[in-house]
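You will see subunit A twice below: alongside subunit B first, and alongside subunit C after that.
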Partner chain A sequence: MSDLAALVVALPIFGSLVAFLAALVRSKSGWPVAVVATVAQLAVAATLAARAFGEGTISYVVGGFEAPYGIELVVDGLTATMLVLIAAVSLGVLAYARRAGPRSNPFYAVFMLLVAGLTGMSVTADLFNMYVFLEITGLAAYALVASGDRGRSAVAALKYLLVGTVGASLFLLGVGYAYIDTGTLNMADLAAKLAANGYSATLTQTAFALIVVGLFIKVAVFPLHTWQPDAYAGAPDTVSGLISALVSTVAAYALLRVVFTVFGTAFLDANPFAHGLLVGGAIISILLGSLLAVSQSEVKRMLAYSSVSQFGLIVAAISIGNVTALTGAAIHLVGHAIMKGGLFLTAGLVATETGARRVDEYEGLVKRSPVGAGVFGVLAVAMVGVPPTIGFAGKWYIAVGAAEAGAWTLLAVIVGSTLLTLAYFARLVERMFFREPSADLEPAVERVEAVPDGGDATESDAVEASLGMYAAVVAAAVLSVALGFAVFGYGDVLQSTIEALLS
Partner chain B sequence: MTDITSLRPLAAVLVSAVAVVPILASYRRPNLREGWTVLAAVLKLVLVASMVPAALRGDVYVTDLGPFVPYIDFTLRADALGLLFALVASTLWLVTSFYSIGYMRGLDEHSQTRYFAAFAGSVSSAVGVAFASNLVVLYLFYELLTVATYPLVAHDETDEARAAGRKYLAYTFGGGVAVLGGTLLVVHLAGTTAFTAGGIAGLANSDPTLARVAFALLVTGFGVKAALMPLHSWLPDAMVAPTPVSGLLHAVAVVKSGVFGVARVLLDVFGIDLVAELGVGGVLAAIAAFTLLTASVIALRQDNLKRRLAFSTVSQLSYIVLGIAVGGAAALGTGDAAKWALIGGLLHIPAHAFMKLTLFFCAGAVHVETHTDDISNMAGIGKRMPLTMGAFAVAAAGMAGIPLVAGFVSKYFLLIGTVSSGSLLFTVALLVSGVLNIAYFWPVVYTAFFETPERSDEKPLVEANLGGYFGREARADGGHEETATAGHDDGRGHGNGNGHGHAAGWERFAPNGSESTWFMLGPILFAAAGSVVLGVVPDTAVFLQVVREIVAGATAMGVVV
Partner chain C sequence: MMDLLVSRDYYVATFLLLGIGTYVMIASRNLVKKIIGMNIFQTGIFLFFIAAAYVDGGNPPVLTMDAPHVSPLPHVLILTAIVVGVALTAVALGMVVRIYAEYGTLDEETLQEVRGSE
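Now for the complex of A and B:
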């Protein structure tokens, strides 16, 4: 089918609608609908990826309205990676959520809406369309964060909404300025017209700055990250796993797309300030994200600050801008999604089994929750960047890219980030394996039910961890090590996409 | 030099990694669990030993798994230098496995399954370090070695053990970061990091300053595990680990991987000719000489036997680094100085391993049987443990360089190398260090055999207060003795201070093995015998042959000495 590019966006929207309406037929039927829709989504994404990597970039115009007036959807190697990642991670989170997560139909409707927004952001080649999907993603994410049943979730969601809307608005403003500058919204057309205008017009530079800062807020680059620790820690565990793995990841993908497809390396060369903005954001995020993570006493907040630091690495790769570095960015986006999503789901598993949420409650975890402690240890080692995990592979590519480009400060910071990551993960690993459990904690302190129909949430099965939960986290751990060996092949197939990005 | 494609190098690395799973699964059946460890150790030794004859001929077993990340192929090569380390590690792992059984059961230790599993993982990583064919694969196994050995350092789960574990992680990961930085720089300069006998060609043609920076980063990174001062302080603290861990890992596998890394950098990344041109060999030799003297002096003060052995290890590792560095510094000179120094340094890897393992095993056996850790409590313990302390005496003699034990052979080559190269300062340092070795080992032997708990002499080096700046707290106390600080014969402290011996004296055992379990005595006697064999017939015991093969390749002088 040649309409697969449009189908991959339409399918989750349709799934969302079905999940919502299915409540009329049978309550608590959201989960099966979501699973069916996501499996179908994965199949479509995989087909698109096979075609994009095998035959070359796929282009599709929506509704027959030709570009640059209509909306164009483009699937190149990078987009294909994102599509498969979104579908696969959503499936993993759904496996986790079968017993753990909220069970209401509206929850799964919003879940599928988030998947639709993320997919749309990845596949679109129109800048305003990207804004639309950015907002859909944002709104769905705010609602998911708020779906926990404690006041903390609501406050976290409100903070996320306020900060996120500012970010999206800045993005829109930047898109508007770009439109004024060139008269078009299609990315490829924008690139051509911006190049023709020359890169020194104030309007162009302002457009760049606004879009990048707006995306920095969505990616949670220091100091625009303040919504992230509250949102990740306050959300239900299922939601934390999903949004930590996907939302900032796709926002970083959008940053990559805007910087290279729309503005291009020539723009960065002509505007050293723009380049400096990226480098500065990267270095500060890497350093301060790690330092703040070390001082956290709650595990999910620590993981959130860890994300700030890891996305600093991605922004560093963007600022370096050569083939090796951008391949590393793609690898690290995938790797970090798997590792961080896995870590959040493991934190949820541990909390379900033992009630431990704070760092000092993790003492002796290996005795109370052996699978949880083991998986957490493996994922922590992967995040630190011990070879041959995928965490090392991504970092290696980015570091080699920095060495090739002669960016020595960035190289020192990237290599040093290993030690900083070690600092906050080692204390958890030590506590889990080499200390005795201290106090007795009640399992499943956090109850995750948003029940709009006012019925009783079943208490009894919220205490045991289900097979789906174990499967999801173990799969994340296994993938984080196994994919480390597949990166070279992946780098090969991605090469033509990256070279096209940089030309 | 032909390459034989084979799975043997990969198999040798993976045998013990694969064994981790059955070891963990047999946690309820200790004998089965220990059986897996022994089986894996035997298999590993057989695999490694089978590759030695080929390497001596110049053929190398290679496993090539294809590209891993850009610029790097995941290849394992069992060349002569790699086999030197791998042979030492696998032989001594078999020996240590038996010793561990005796030790852990003798003390009824907790978490034995975790211990044996982590041990298997560590030796797997060590052999991986040995067979790595380029800097990145070496870095990969180097980091895995840290991860695998951390549970062993923190095994006791006391505050002290956890603090030692944290320090160990901080130092070794810091070293790993330096190695990563150096590796990236080498990639930038030369486009590859594959080990080439005689050095990577691209490096020789690159900017000397950047090459020196890369050298400094790599040597610093590996120097952490090689316990070069001032990066050594993790090692004495890691002595809180169980004795087999201190023995195999911190006298054989972990620290030898550090000196092995240094050897690879000097011989196969830079090549000794480039090292001599860049002038960095002399600097490294100076640091090594400083370390070997200072660590010997500090060892004089230690009352805890394992800490004394730890500082002795720090000192002896620098013998190896000194040999390699002098080999580098003297490469462009006339004569064979570089060859002798290299042979001495590299031969010291197996020589020191056997001797130090004997010493640690003895310390552990003493701990299990009598719960004595401090030398001041060991008066007359030779009656209680004659075979153990006899082996200790033999190994200690070797450490000091007495002929007929392994240490003499390597030291002989080192001395000749340093004299021929003209750097007499290093020769003097080696000779002084030999005297200091006697100075800190002889009291242990003397106390064990020639003293009794009722009648023992003062140990002023260990017990007396330091003067000057270091002794100010003691003076403020009114001159009470502190056993924590060491010193000169400044104030004659009372010799009958702390706990000299037991009131009842030691039980007397005959030297027929009744003093302890054969699980521990066997390995002790094997390692001591190994030290003697290596000292009497080093070529037949294969290690010297391997070393000569390495040096022939590294110096490209063609003729094997």
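Now for the complex of A and C:
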């Protein structure tokens, strides 16, 4: 029954086709199709996860070709985590999208295609196959960002496309170097042959540099993050929630997978420059991402820069490369996805209820949107890393890992990052809860709402916050706290996977 | 030095294409030209794979043919990459059409001025 590993990729692709074709029968029928497909996806992912954690790694060879020649799919503990995360977050975003839209069938077809791309990147054990899924993910994400009805979305999407393509192309070039070096594309086979070649070969070093820089662009590590704030802020609220939670997360997972499964810790030890590339990217990203977040006046842009800083933490954990730090990376990937996806959806909810999209418009928000302000507050506190939330657990593991490895500079930056995170979230929390709404704000809100209605006739179906929207954001807030308790048990289950990764 | 350049002429062409593509993407103000730059950049990578797969006097990998055989894998990979590239170009041009319909310009700086009031 290891066929499930192939089914988990095929299912969303099939769902995407059905959602697209269903438009021929009835318009606006994409949502139910996407929900059915995602629920099935979640069930398959959960079954795979139960099996991967219970019985060990699942491996499947596509089309019956033997492993180093055919494409292999592998589900270990880390992959299983990503699969469940992707399906669960998609389901939450769908609950939100019911009312918030976009509602066309092609939107849901592309939505399912994105889920397929992300799932494929997680399960594949073949480097070129990973490039193909990286591009499928990219194409779907560009199209989703452009699905907003303003010109701003199209400009942001084009910028994302140009920068993202360069990233994926550099990844492909790196794969080419690795292939010329070894004559194989299977990750496990590559690892063995790269080790046999010796780690000081120029081809190997170039392959590492190109692949890592390519993935840095996809993860949005400073200074290669420039596409990200525009894309997140220009996309419709539903889409920003989805891609901020999943796209960079899976790219970071791919980075972890390539660094440890293909190149391995011995390569990092043999090449101080390769190690320095990771450490440098991490430190610059954490510090400058936070500083840029503090200086933003638009809430969604602030959240986007916050992601740059949080992914710096993940890269830091990868550069440390011991069991504790990598467990922390896995926890923080999950935690960041839930918290940041929840924050973007909450920002969308608040904008729907009150029209507030800028930091100063959040003054006294608790009176105008109690649920929005409450959830935003909880998620912001979790993001800062106050115990017992999942944000705390992830940072704690990474920090302890840094201390174990004796990486004191990184430890200082990681602890300092908590303070910097506080700097930009405190600004908002203080405005929401402890300030009166300024008197001249109300007419400004009216005007903001009036513009899209008057400017565009198709925009006339004015949106009211629905039960699904509240349910999605409240679930994110509850999960961000509840998972903080479950996380230490998870760390134990994951240990064997991480040890296998590092050996 | 010259010998190296001449014997590695395909690789030199590859990196020229990569450089030209990047330059066009960064320096050109026209959005369509940026997409052309992206295509040139990708073509460089295609050439890299194909040049690496070249075997002097190689035969197709069929058992009845004499060795040395050519590995078909890089060609297959690039066939896939070309398809991906075409899809990307189509999506990008679709966005350019929307940007032109919305703002009436494809010039990056004019676009910035028009959007300044947004």
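Simple rule for what comes next: the second predicted complex is superposed on the first by the 479 of 503 C-alpha atoms of A that agree within 3 Å, B and C clash if a C-alpha of one lies under 4 Å from a C-alpha of the other, contacts with A are read in each partner's own complex, and residues count from 1 in each chain.
Here is the rule we go by: contacts are C-beta pairs under 8 Å (C-beta built on N, C-alpha and C of every residue); 3 or more make two chains touch, one makes a residue touch a chain.
Every value quoted in this text rests on a predicted model; they were computed, and no experiment measured them.
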Message = For A:Phe434 in the superposed arrangement: first (subunit B), second (subunit C), both or neither?
response = first
Ask   = After lining up the shared chain so the two structures overlap, which partner does A:Ser169 touch, if you call subunit B first and subunit C second: first, second, both or neither?
value = second
Inquiry  = Quick one: is A:Val415 in contact with subunit B, with subunit C, with both, or with neither? Answer first, second, both or neither.
reply    = first
Message = Looking at A:Ala500, would you say it contacts subunit B, subunit C, both, or neither? Reply first, second, both or neither.
response = neither
Message = Is A:Ala188 touching anything from subunit B or subunit C once the two structures are fitted on A? First, second, both or neither.
response = neither
Task = Identify the partner contact of A:Val400: answer first if only subunit B is touched, second if only subunit C is, both if each is, neither if none is.
result = first
Ask   = Touching A:Pro387, do we find subunit B (first), subunit C (second), both, or neither?
value = first
Subunit C-touching residues of subunit A, taken from the complex the two chains share = 128, 131-132, 135, 138-139, 142-143, 146, 150-152, 154-155, 157-158, 161-162, 165-166, 169, 172-173, 176, 179-180, 183, 185
Remark   = In the complex, subunit A touches subunit B at residues 324, 381, 384, 386-388, 392-393, 396-397, 399-400, 403-404, 411-412, 415-416, 418-419, 422, 426, 430, 433-436, 485, 487-488, 491
Ask   = What residues of subunit B sit close enough to touch subunit A in their complex?
value = 66-71, 136, 139-140, 143-144, 147, 151, 154, 157, 161-162, 165-166, 169-170, 173-174, 176-177, 180-181, 184-185, 187-188
Interface residues, subunit C side, partner subunit A - complex = 22, 25, 31, 34-35, 38, 41-42, 45, 48-49, 52, 71, 73-74, 77, 80-81, 84, 87-88, 91-92, 94-96, 98-99, 102-103, 111, 115, 118
